[in-house]
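Labels for the chains are A, B, C and D, by order of writing; each one numbers its residues from 1.
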Amino acid sequence: MDGIINQAVLNHYLFTGALLFALGMIGFVARRNLIVMFLCTEMMFQGVVVTLVAFSRYHLNLDGQVFVIFVLTIAAAEAAMALGLVVLLFRRKRTLDAEAWSAMKG
Amino acid sequence: MMGTSGLILTLGEAAGTAAAQLADAPGGLTARLIPLMALLCMFCGFALAMAPRENEKGVKLTALVISTLVFLISLVVAFSFDWTRPGAVQMLVEGNWVPTLGVKFSMGVDSISLWLILLTTFLMPLTILGSFGDLTGKLAGRAREFYLWLLVLEGALIAVFAAQDLILFFIGFEMTLVPLFFLIGIFGGAQRRVAAVKFFIFTLAGSVFTFAAVIYVAYFQMTRTGNWTFDIGAITKAAGAMSASEQNWVLLGLFIGFAVKVPLFPVHIWLPLAHTEAPTSGSVILAGVLLKLGTYGLLRFALPMAPEAVLEHADLIGVFAVVGIIYAALICWVQTDIKKLIAYSSVSHLGFCVLGLFALNQEGIGGSVIYMINHGLSTGALFLCVGMIYTRYHTRQMDDLSGLGKRLPVWSTFMVFFCFASVGLPGLNGFVGEFLTILGAFSSTRALGIMFAAFASLGLILGAIYILYMLGKVVMGPVKEPEKYAGKVSDLNFRECFVLTPLAVACLVLGLYPTPMLKSFEEPIDGILSTYKQIETKQAETAGEGKGGGVSMRRAERQEVSP
Amino acid sequence: MMTLAADPLVNEMGAKIAGLWPELLLVVAAFVVMIVGLSPRTALRQSTFGITFVALALAGVLAAFSPEQVTGLAVYTKIGACVIGLLLLLALAELPDELGQNLKDGEGRFDPQQTHRGEFFGFFLLSITGVMLCAGADDLIWLFLALELTSLPTYVMVSISRRSIRAPEAGVKYFFLGALAAATFLYGFALIYGATGTTYLSEIGEAIARDGLTPLATAGFVIAILGISFKIAAVPMHFYAADVYEGAATPVTAFLAFVPKAAGFLTLILILDAAGWPVFAGDGMGGDGVVAVVWILAALTMVIGNVMALLQTNIKRVLAYSSIAHSGYMMVGLLAGPGNSVNGVSAVLFYLIAYGVMNVGAFAVIGLLKRAGEEAETFDDLKGLAARRPVMAAAFAVCLLSLTGIPPLIGFWGKLYLFSASISMGYVGLTVIALMTSAVAAYYYLRMIATCYLIDPDRREQAEISTLPQRSLALTVSAGLVVLLSIGVGPLFSGADGAANGFGKAETSETAKPEQGNGAKGQSSTEKGNWDDERLTSAAGR
Amino acid sequence: MFETAAKAVVTLPFLSMVICAMLAFSKIQKTQRLAAFITAGAIGAAFVFSCLLLKDLPQVEKNGVGAVGTVVHYFDWINIGDFTANFSFYIDGLTAIMLMVVTGVGTLIAVYASWYMDGDVGYGRFFTYISLFIFAMLCLVMGDNLLLLFLGWEGVGAASYLLIGFYYRKPSAVAAAKKAFIVNRVGDFGFALGLMGVFVVFGGIQYVDILPAAKALAEPGMVTNLSETQAAAHAAATDYWGEGKTVSLLLLSIPFLLMLGAFGKSAQLPLHVWLPDAMEGPTPVSALIHAATMVTAGVYMISRLIPIFQLNEAALLTVAVIGCVTALFAGLIALCQYDIKRVWAYSTVSQLGYMFLGVGVLGTTGAVFHLFTHAFFKALLFLTAGTVMHALAGQLDLRKMSGLRTKMPITCWLMFAGCLALAGFPFTSGWYSKDMILVDAMATYPLLGWLGILTALLTAFYTFRLWFKVFWGPTDYEMGNEHHGYEADHHDEDHHHHEPHDPPMWANLPLMVLTLGAVAGGFLGYGFIKNFIGMSSAAVPIDPAHKVAHDAAHAWVPWVASAGAIAMIGLAWVFYVRNRALAENCAKTFKGAVRVLYNKFYVDELYDVIIRRPLRGMGHICHLLFDQMLIDTVLVGGIAKFPRLLAWGARPFQNGALQGYGLSMGAGVAMVLFVLYMVTK
């Protein structure tokens, strides 16, 4: 294992990860299409992934990267579920607008 | 690994050990009578749920028989109680309940608990007998539930008074809410739902503070000894060492809960509503026994656990008590509903009770305890009387009723008698407590003082005013009845007389010969006051070194003189 | 702390597997159920329930005889999950039939696309497996996977649980917000990993003990806690709860109120343990932030949960908010941590089981109420229940009173335990808030009881009461358990206590604690200087 | 024997009460008669036992030390801590006198009442109450401690309440009963506080403890061998609070507090208002309770506790002044009343004023003597008035009767004897006792003495005004419309009411005995009373030489008073026999004064405006404003609303939109991180 990244480089990666995470969150709030919203959560996951990988390199161990593999797996599973769910929803209301699903409140 | 043996298995095991522990209690069967009473009430109460709905008579009789049986058992307990040492907790039954927190199922009685248990068991059969004619109309066919809850209530009350474990006390304390909630909510008047919910929430909201204080005191005890226990004796012993500010908080916590239960001005507001809406039996037990849980709690916990805080704040509490006495009495005077009037009079009377407690001397506390019992008898009887009127005329408005002395002479005689007892006529029971509590406040060297006694005594005048006002309207005056029932009602029947007579006799006996009871209170009260004596000697010592200080000096001088 | 050796190289696969037999059994059973559920033969399809039931029961027995190396926490959780799982299963049993998927009597043509029966029980088993795995986790990755295993099936269960349009709505809200929360706690995990350089909980714990809670670690823990508070429906991640609970079929709601919550709390216990119970970190160790955050969140959770419940007319929403509030109570215990005399962790574990039991009872009643084939879930539907079905009403009342915390029911014992722990850690203020809010809670619980008992039934307004034997059984059993456990509460107490024994007890015993503290401090002061060296050596070791 | 007798005296009326109550409940009209026999028998037996006590008294007294009475323990009553109050009796000369009065007059009146109440539906009930009253009164006079005194005190109050309200369907009777009890309670309020003060200062409330201790305090040199408790009381009293000030204040205020009780019970200003109204009760009740016995309890109490009153000169002066002013005040009102019983009622208030004047100037002998004689002649006057009322079917208005001498001669002359005694005609009983008080008063405070004489003149006038009006002049009367206290239904009107007539002989017998007492009680009882007071705690030690000188110097007082009284009788004769028009002209001339007097100086109205209405208003305010508005709605309601308020605040975040929830969650996370940053910074 070679190429220890230093604190400064780590910070760049971390910043990138945090940015992705935050963008994902903003996107989730700002967009109305369910599929786009789901992609935004995926983006948040990717932010985490970047962070994990950066730390992994920084600490010089593989825990982080192992973690990333599992995160990606779970993300894939979620994507599959999301697809199913979106299909189910679209069948019921013929729209993917998140606003359409706000009957329950209070 | 810990706790791996499976929940069900351990549960069974624990039940077995608990049963074994119960069975191994020393002293044979008599020693186990107290939990027996409580459990008998509970089990039989719940068993009533399985009784056939049609067999109302059977249900009534069963309830009566069970409560009478419990009364008899309590008499056996009273006779096997060693009256030469009334301050000691006797017939103690202990079993581990929750070892992790040191919670025990422990019941035992000293003289104060025993008298209050006797009050409960004495009132209950009479109440049940008195309620035989109550469930009519829409409520017909619901006798099962009614007597179920009454019996459960009795069990909970016995548990409260006999509890020697704080958690057990608290369990009983809170458990009383449920039966009364249903009694008021199902069998009450027009506003019964509001009343039931208000009663429940109000009391519960108060008692959460008590709960916090209880846990804190138990925790404090743990820090002193290293073991968790909720044993009342142990906790009380340890609690005195709390710092002043801790004591203040603990007192505040305990006080809020108990004050609501008492109920003390200004948190009395649930009581008139609960009383007016409750069925007669509910009112009787509510006024007769349940309110005493508050004063009993203050006596058992607040006084011994936070002595310094009590000394500091007794005057303030006294002010609330006195204001309550006068305030409630004034309100009584403008009531139009007889039951509401008596309900407010309870607020006024319980003010005396609290005042006596915080006088912190034998006279005051002894008076307060006997007041608890006496108020239970006389006010309970008054509620029964009002209930008898209500079953006849279906109204309790003073404007609708007048001159019943002519129509119902026997009832009127009882009514006047109990009113006199309630108003504190010497020779009847109400007087003993009322006088002693005021005397305690008057002569107290630890707190309160003459002005408290003076203002409390105004309650005597106002008490006479409102009670006579009510008598003058209802019993006396030209005959007036609701037209629907005019001339159709009959005087008390044998059953009703049979309900009221024992109460009247008890009122008279306790009014003329309360000394044995009072004497039996001395020792337990001494136990409570010993904490205060210690504080005073401590203060006297420090004061002896420095400059003389108020309270302790007075006390010290008195002690020098009296022996 | 953990029984497993810290070094992953010593990690013997066999030993680990031996502790996972219950989980393995459940996973296998889940697959079996999924396959059998697709069988065209009605009898086989209907056997899914039986298989699930037997599997759960067997898993419970297996868990009870777990080998030595399995932690007390895991064993306790597994048994608890199996017992409550069985209750939940009883409540859920008739749900696929209620959906009218032409399965019950084999009438109509079999359409594999229309049947969810197998999936339903399969997902159910998988989710419970997730909870069990959570308890045994010794690694952040494992924890993450277990949490997701718990959650993912529930998304599906919610979405397909009802024919009503509300079910997909609940599903979409649950799923999307769940993903958001998952990303959040994952981010926290990443930061924890970053701060300590390891994903092993025990090593994280050592690192924290060594270095204190660095700002990065603190941020990691707090973000993780925030993310996980979605699972336990705590502020600020509670928003979904009411809508999802309302939208899902009632038995599924009961499931949601227990299973993810249990997983969440287990996770919180584990990561807070890794954080060295920040409370003890006290001065200089940087735990103040975590404590403050948990304090505030607990208070807000209790307050918001309880007050919002007051406004509801829908019973399921009321219970949803009450579920939020109960999370708040448990957070109070969590904050106390292993405590210095009463183990807050064991209090939380106790309360989880207690809550699970009474919760099933309360939801089962609602599950039995129907109006025009749909769920009847408003207060009006409860009117006169006592007169019509006294036993059912009594069981309902017992569960609700227990939720209120009326002694001597089990909810009271739970609160006693929680609040003793928090008071003994000095959180008197928080305890008072908890108690006051529980008095507020009494109002809405009482309102339900009052509606059942005190309001006379009006013929036209009456809801139908369906006769579902298994759901009724679930109700009866849980009410019975509430009563039984209330009286014989000691064993459950000691069980929870044993489960939490691993946490803090040794540290807090009078002698051990100061030594450890000193040791940790001394270590950190000496080794802080050559942080880089250490990093290098550890890297070389790998 | 002595002890048994003492116990029997109290127990008999109690048993009688229980039996009568049972008879009353039985509702069998025939057995009701039995109640009268039982009551009269019980009280009579109590009288006999009292005589036995009397006989034994001197012997017992010789063994005692000084004026300390004998204590007979019956049973424990209220004992707790340091506080002891038993059912024990304290028997000395004063007790003996009171016993004679209570049981003696009580027996006579019970016999009379058995005729008077005949045919009333509440016959059994009436005698139950009478027994209760006698029981309580005996506790009052025999109790060995202040609390038992208080028991009797309140007990007679309750009996009085029940008896005044005997005709309970009459609103006026109900109001009067209520008033009596409540006004008495005001007095009892003071009494109870005084009692407690006594307990604090003296460490006990038994006479055996407090009386010697009080004497020791007043004259420190006189008692040398203080007992332990007394020493304690002494020490405590001098320096109880550690400052020496507060307690002396308490000690000084005790007499004032006790006095309030006495004023209430004995209807002195300003608590006199209840007694005239109390005449709503059956006449025997008025005679027994509201003239002869109960109302004198205040005098008894002050006499009994005279050592404590002696500790405060101002208190004694207050008692004397109040007594004197009340005497005059009530005498004035009596001049202008038209209701026979009310005249006698005001006269009672006035005579009680004399007694208070007596004790106020330390003339306890005179006061108790007057109490004794007054019991006889006032009972006689009331009973004869009752006879008249009975004869005229409840008619009591002086303006509606005249010249009844011819119809009921016996009654006429019986009342005449009573009037003479009341007016203080020489050598009647009233002359002896009243003038004893006047001499004492003149010797101490001459002004009060002269006011007393003035009152005596008024007394003579109003007494004979009544007698002349009723029995002289043309025979003319208007029947009342009452049948046993209630407006008569015409169909059951009793025939023998149509013609006024004397009662049967056996009913008149008690009246004759009373007449004997009224006429001869003075010179027969003079030595007896003096002797007994000397043997009691009420004896005031006075230098004998001094006393003789005083008496000699004021020997003129009785003669002046009686001369004036005779003159006033003459004046009354002029006004009400010779020329009745003259009286009416006079009344017209002084119309204003007459109206004020007729309306009793508007005291009732004043009390109504300044006390009753404001108090009831306060009740309404407390109920509506404080209880319902402030506490229930604002305070409790507010607290109850608070959680909902919070919930309304939180609700907008629960808007049901997916993004909204996402936003809230994100914002929540951000805020938490911000807080974290602030905390750890």
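Observations on the structure shown:
Simple rule for what comes next: contacts are C-beta pairs under 8 Å (C-beta built on N, C-alpha and C of every residue); 3 or more make two chains touch, one makes a residue touch a chain.
Keep in mind the model is a prediction, meaning the values are calculated, not measured.
Using mean Cα coordinates as chain centres, the one most removed from subunit C is D. Simply put, of B-D and C-D, more C-beta pairs touch at B-D.
Centrality by C-alpha centroid: the chain sitting nearest the overall protein C-alpha mean is B. Subunit B has its Cα centroid 63 Å from the Cα centroid of subunit A.
One finds 37 Å separating the Cα centroids of subunit B and subunit D.
Subunit C and subunit D, compared by their mean Cα positions, are separated by 77 Å.
Here the spacing of subunit B and subunit C, counted between their Cα centres, is 42 Å.
Listed for subunit D are residues 651, 654, 656, 658, 660, 662, 666, each touching two or more other chains.
For subunit A, residues that reach two or more other chains under the stated contact definition are 25, 28, 37, 98, 101-106. Residue positions of subunit C with contacts to 2 or more other chains are 172-173, 176, 180, 184, 242-243, 311. Shown are all chain pairs that touch, namely A-C, A-D, B-C, B-D, C-D.
Contact residues of subunit A toward subunit D in the complex are 25, 28-32, 37, 98-99, 101-106.
The touching residues of subunit D, when paired with subunit B in their complex, are 25, 75-83, 87, 136, 147, 150-151, 153-155, 158, 161-162, 165, 168-169, 171, 173-175, 177-178, 181-182, 185-186, 188-189, 192-193, 196-197, 199-200, 203, 231-232, 235-236, 239-242, 250, 615-616, 618-620, 622-623, 626-627, 631-632, 635-636, 640. Within the complex formed with subunit C, the residues of subunit D that make contact are 643-644, 646-648, 650-651, 653-654, 656, 658, 660-662, 664-669, 671-673, 675-676, 679-680.
The residues of subunit C lying in touch with subunit A in their complex are 140-141, 144-145, 148, 152, 155-156, 159, 165-166, 168-173, 175-176, 179-180, 182-184, 186-187, 189-191, 193-194, 197-200, 242-243, 246-247, 311-312, 317, 535, 538-539, 542.
On subunit B, the positions that touch subunit C within their shared complex are 1-7, 10-11, 13-15, 18, 49, 96-101, 103, 167, 170-171, 174-175, 177-178, 181-182, 185-186, 192-193, 196-197, 200-201, 204-205, 208-209, 211-212, 215-216, 218-219, 222-223, 228, 249.
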